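See the structures that follow.
The two complexes that follow have chain A in common; it is paired with chain B in the first and with chain C in the second.
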Partner chain A sequence: MKRFVLYLALLSAGQLVFAELRIEVTEGVDNAVRVAVVPFAIRGRSVPETNIRDVVDADLTLSGRFETLPIGQMLSLPSSGDDVFQRDWQLLKVEYLIMGNVSLAEDTLGDKAVVVTFELYNVFRGVVEATQTISGSREDVRDLAHHISDVVFEELTGIRGVFATQILYVTASGPVGDRRFRLNVADADGYRVQTLLESREPIMSGTWSPTGDEIAYVSFEDDGRPGIYVLDIGTRRSKRVAQFEGINGAPAFSPDGRQLAMVLSRGDNPDIYILNRETNRLRRVTRHYLTDTEPSWTPDGRYIVFTSDRGGKPQIYQVALDDLSLERLTFEGDYNARASMLPGGQSIVMVHRRNDVFHIALLDLIRGRLMVLTETELDESPSVAPNGSMLIYATQERAGGPGILAAVSIDGGVKFRLPSSEGDVREPAWSPVKRKTFVPR
Partner chain B sequence: MRNVTARSLLLLVAASLLIAGCQAPTQEPEPTSEPVVQPAPEPTAPPTPPEPSVSITSGGDVRVDLTGTSGEELLNGTFYFDFDQAIVKRSGFQMLNKHASALNIDRSLKLRLEGHADERGTREYNIALGERRANAVRSYLVARGASRSQIEVISYGEEKPAVLGGGETSWSQNRRVELNYRR
Partner chain C sequence: MLPAGKGRRAKARRFVMNAGVLKSGDLRQGLLNYVAALGLSIVLHFAVVAVLFYNWKHQPEIAAVDADPYYIGATTVTENPHRAREQLQLQTSEQRREQRLSQIRAERAAAAEAEALRREENERRMVAENEERRKQLAAIQSQLESSPQAEPVQRMDTPASTADIRQGLEGSDEQALMTELAERQAVTDDEKAKAYASQIKREVEQMWSRPPSARNGMEVLLQVHLVPTGEVVDVHLLSSSDNDAFDRSAIQAVRKADRFQVPADSQLFESTFRVFELLFRPEDLRL
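And then the complex of A and B:
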């Protein structure tokens, strides 16, 4: 461990597929909507890769807001509203049907090879509430299915779906002295894991650029020294953007993507800096002899929210970027850290210690009300989904056990766990955009 | 002659070995190319006054013979801290004094101070805590005569625990600063 051996590899897309994260719903809503996702009819040549129906069914189930009907209980298998016998579904108390068909285009290898038409059918009213025809390549079948889930979710809940997004996270495996760290990205349902970076030295604090094209992270790959790197997802190339003496940590892209906030100690103590990515100039925005860390931008880009122990214990502050004026945001509890603001800018989520246990909490900044969202222990690294309705965080399988990811809805009503067979999983970051978008015909 | 470099010590040892006719002292095997300096066996060369000696092990620890007479000592290179604290414990002072002497005797020594924290609390905050611990050790060593330019501080926070698992038994072993020597 002390020999500063370095092993580093940038792996190309899909080259390695590791054990996937598995989602388990631990708490769903009481009044789940009953839906049936009918097997899609196949027109012409079959599309073998992925079963669209199963992906949609799993998405809706794992959202915690729907109860889906098993195929075995279906009395008929319609593929459009014209074929539906309402009574078949009324008997089973199904409220909505999702159905459709899949066909393979002439050009079976093109980027419009797979054509999917789907309908969302309201059983009670007997009408089709939404229908689309979308197409993609054979590799896009899962993306097409997640797109369907997103459309259905938004129609039925009024909330934008996040099934087509991705999760960035770090894993650590192997015994002390022979650890392997990986920076991975997976679909929000845990499938299609790709390793972006592998190292014998720690990897930390992965975060997305606002467009989802780049990822910033901290790596100790250079002889054990920390540096901040930016990875271009398209080219898989990493570029080091900061390596000063001392701490180089906690990168955070500004909402316009042009600046990168970070923590540098420069041989002294950690403060918050902003790197202008065009001019490459650094601006120091906090100056205190104690710790300032974990910067996060407000959605309007005018403030940075950060953790500081300048008051004795870690609390959340915000600094205005025009005049560098400071405001303390948290007063309840003696450990509040790693805050980030929700899209509306009215609440923050953060790590909050209560009775010696670390939980994820939501603080309503307008009403000053704090709500603890999680019941697990040693919770950290909350990351809010782009629709603002869920957050993913890191916790432990059991006390002292391996790190796992878990998710909770912002109202605390839906909870999941994402166990993995691959060692310790930590520091999830929810992608701000979908992996792929499809324009309906 | 305070600033005896390891190289001159090595030469001295090599010379004395030649004169002694390849009477090799028992050396423990070292899987490394790092020079290993054993205390000079009774020199058959013209008698020199006892010299302090310093050598680095393959694991990055340091061996010293501060007086040149009392035999080598492998210095303990791990110092522990209390929860959420970055204060060097009194119990470590004596050992740290020896490290300061080693750095003082051999200015070619480079020391990396690796600060660590237990898993409680957020990761980046723990990076800051680990750095505070390593800085505290650096201040102590510099106050005892080591040169600041010999010392590099790196914090790993909770990323490189010495012991995996939860509970105070693990945590107390993970709240530490490790001294890691190189040239």
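And then the complex of A and C:
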């Protein structure tokens, strides 16, 4: 719908003067912003093994919001705003430059530290929009690069970058009967995969604690009986926190990390419980003869959103933790499940069935609007990035094919897949915090 | 084998002899050529020198210089560089207006003339018809000789004279004509400005890449300064959306557009496009 409004009276023969034109722009193309990540100048002899420039370039490209210029097309390789010939870059339609230098310095302990200075330069205005100097050890080069990507992303989009975060997921590989299940964690760009846990029994429902140093999961390692465990990432030690009769599943940390919501059947039908991790006391939150499952906390920690069959079909409900009052949230469609609330608390993402196909959908709780975000089939387990603008989910490349991970932006504009070489990939969980943070000097 | 070798030797000797003969003749010829060339070159040199001297002789002698050196008198004038063009444009537009006016006037006059003619024709025809009828009536009357009232139906309503028509036309329509012309002019200016404005809007839209933090209803108001060639010289933020990335995306869109098409009519440019406001308010976002 093209609408064109001229606010002020334009020209009429008599009143030519003082009429200032106002043009209203209501649409945009939302093209990717063109940026150039210039190879960083190297000061000194020892070159860090990982090329910072390439990591930043890949990060920005993967975000879908930026289009990067290949090095081959660069007419010059400046390392600071003073060396930039604006016209060169304007001709290449590059809007921003990311450039800087890398050097090695001795830190306080006498170890070699990588020191990176970078600038975000606005080609059209001819000014440096952001600059920082950060340092880290040689092993931190990737983290330093992700930090640069985060700063650039936040500066240009107004949203916190998630390049320095990690993704937790479960893989299953090997022939039937001799399957290996792994709980893996990788950088958000898919690099630096670490296996936290390996088992012949299924591992399920990996989830992060709010501080990102613990992971809760469900395992069948104890004679095939399901139990809920909490793994300390630092020590790599697991501790069983719940193993009741029947179903033990779907753990979810409260926003303060002190409580753990879970689904227990205790020999009956599954209901939602909350385990206080300090007192080890269990509180029952829902009570119904049909299944209640998949609890997730609202950002304020006052409600739990869950899936229930109590209406005949799976729908999303919300229970207030102070008085256990219930509210049904979804009414559209006959299958809505696996809900989690976005950081603002105004909308939820969930699995939604439409025309017998499972999609990831966003429900705006204030306006009551449902928006299907994905075009893939059999989508499951959406997990929202800590900045609330992306979500990762599991899907299948083709019907009956191996599970893969895919990501989509909350506005539906950016979609990408993360193909895996590890067989079936399931149940991704986006880490709430960065792997490493750096304080600019 | 032998005779062949002998023959070859003989041929060689003859060749040498021939060469000797040729050589002596060549020498004489060469000497002659040389002398001729030398002579020609000397003559040419003299000719060049002569030409030079000839020119020097004819160099104008230094004349007494006038007391006043050549200068350009410069005085400070508050002259609008576009004045001439404007004036020209004004003149041509005046002319055009006059032309159009006279054209319309002529058209109207012609129409009035035609109308008058038509009416006259009508009148004449009517008169003729009446005459005919009267004649017929008279004939009938004379035939019957019954009715005393021989006078037939007279010309019923006489149309106004042609002069009257023309008078009325000119009195009432001159003003209407002027206002109509002014209106037409205003409409074209207005339309022109709108056309340029919508072009600017389109160009900015094409350049506007909104950040993912943009939401429907956010507003940024910019003031854009152009030079008459259409280049953007300045962009001011008049009111912010409180989202830096969103503000920057709007400013960047204008900066990227770099140059807009603006009307050549400098009056229109000055009044509308030298400084204008751009309001960015997304309405088509999904969030």
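Simple rule for what comes next: the second predicted complex is superposed on the first by the 404 of 441 C-alpha atoms of A that agree within 3 Å, B and C clash if a C-alpha of one lies under 4 Å from a C-alpha of the other, contacts with A are read in each partner's own complex, and residues count from 1 in each chain.
The rule is simple: a contact is a pair of C-beta atoms (placed from the backbone, for glycine too) under 8 Å apart; a residue touches a chain by one contact, two chains touch by 3 or more.
No experiment lies behind these values; they were computed from the predicted model shown.
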item	value
First (chain B), second (chain C), both or neither touched by A:H147	neither
First (chain B), second (chain C), both or neither touched by A:R179	first
Which of chain B and chain C A:R338 touches, first, second, both or neither	first
First (chain B), second (chain C), both or neither touched by A:Q396	first
Which of chain B and chain C A:G412 touches, first, second, both or neither	second
Touching partner for A:L156 - first (chain B), second (chain C), both, neither	second
First (chain B), second (chain C), both or neither touched by A:H352	neither
Partner chain(s) touched by A:T291 [first = chain B, second = chain C, both, neither]	first
First, second, both or neither for A:N31, with chain B first and chain C second	second
Chain C-contacting residues of chain A that also contact chain B	1, 3
Touching residues on chain A, where the partner in the complex is chain B	1-3, 172, 175-176, 179, 202, 204-205, 220, 224-226, 245-247, 249-250, 263, 265, 267, 269-270, 291, 293-294, 307, 314, 335, 337-338, 351, 358, 378, 380-381, 396, 399-401, 426-427
Complex interface listing, chain C residues touching chain A	182-183, 185-186, 189-190, 193-194, 197-198, 200-201, 204-206, 208-214, 243-246, 248, 250-253, 255-256, 258, 267-268, 271-273, 275-287
Chain C-facing residues of chain A, complex	1, 3-4, 6-7, 10-13, 16-17, 19-33, 65, 90, 93, 95, 122, 124-125, 129, 155-159, 371, 389, 409-413
Chain B residues within the chain A interface of the complex	58-60, 112, 119-125, 127-129, 131-132, 152-157, 159-167, 170, 178, 180
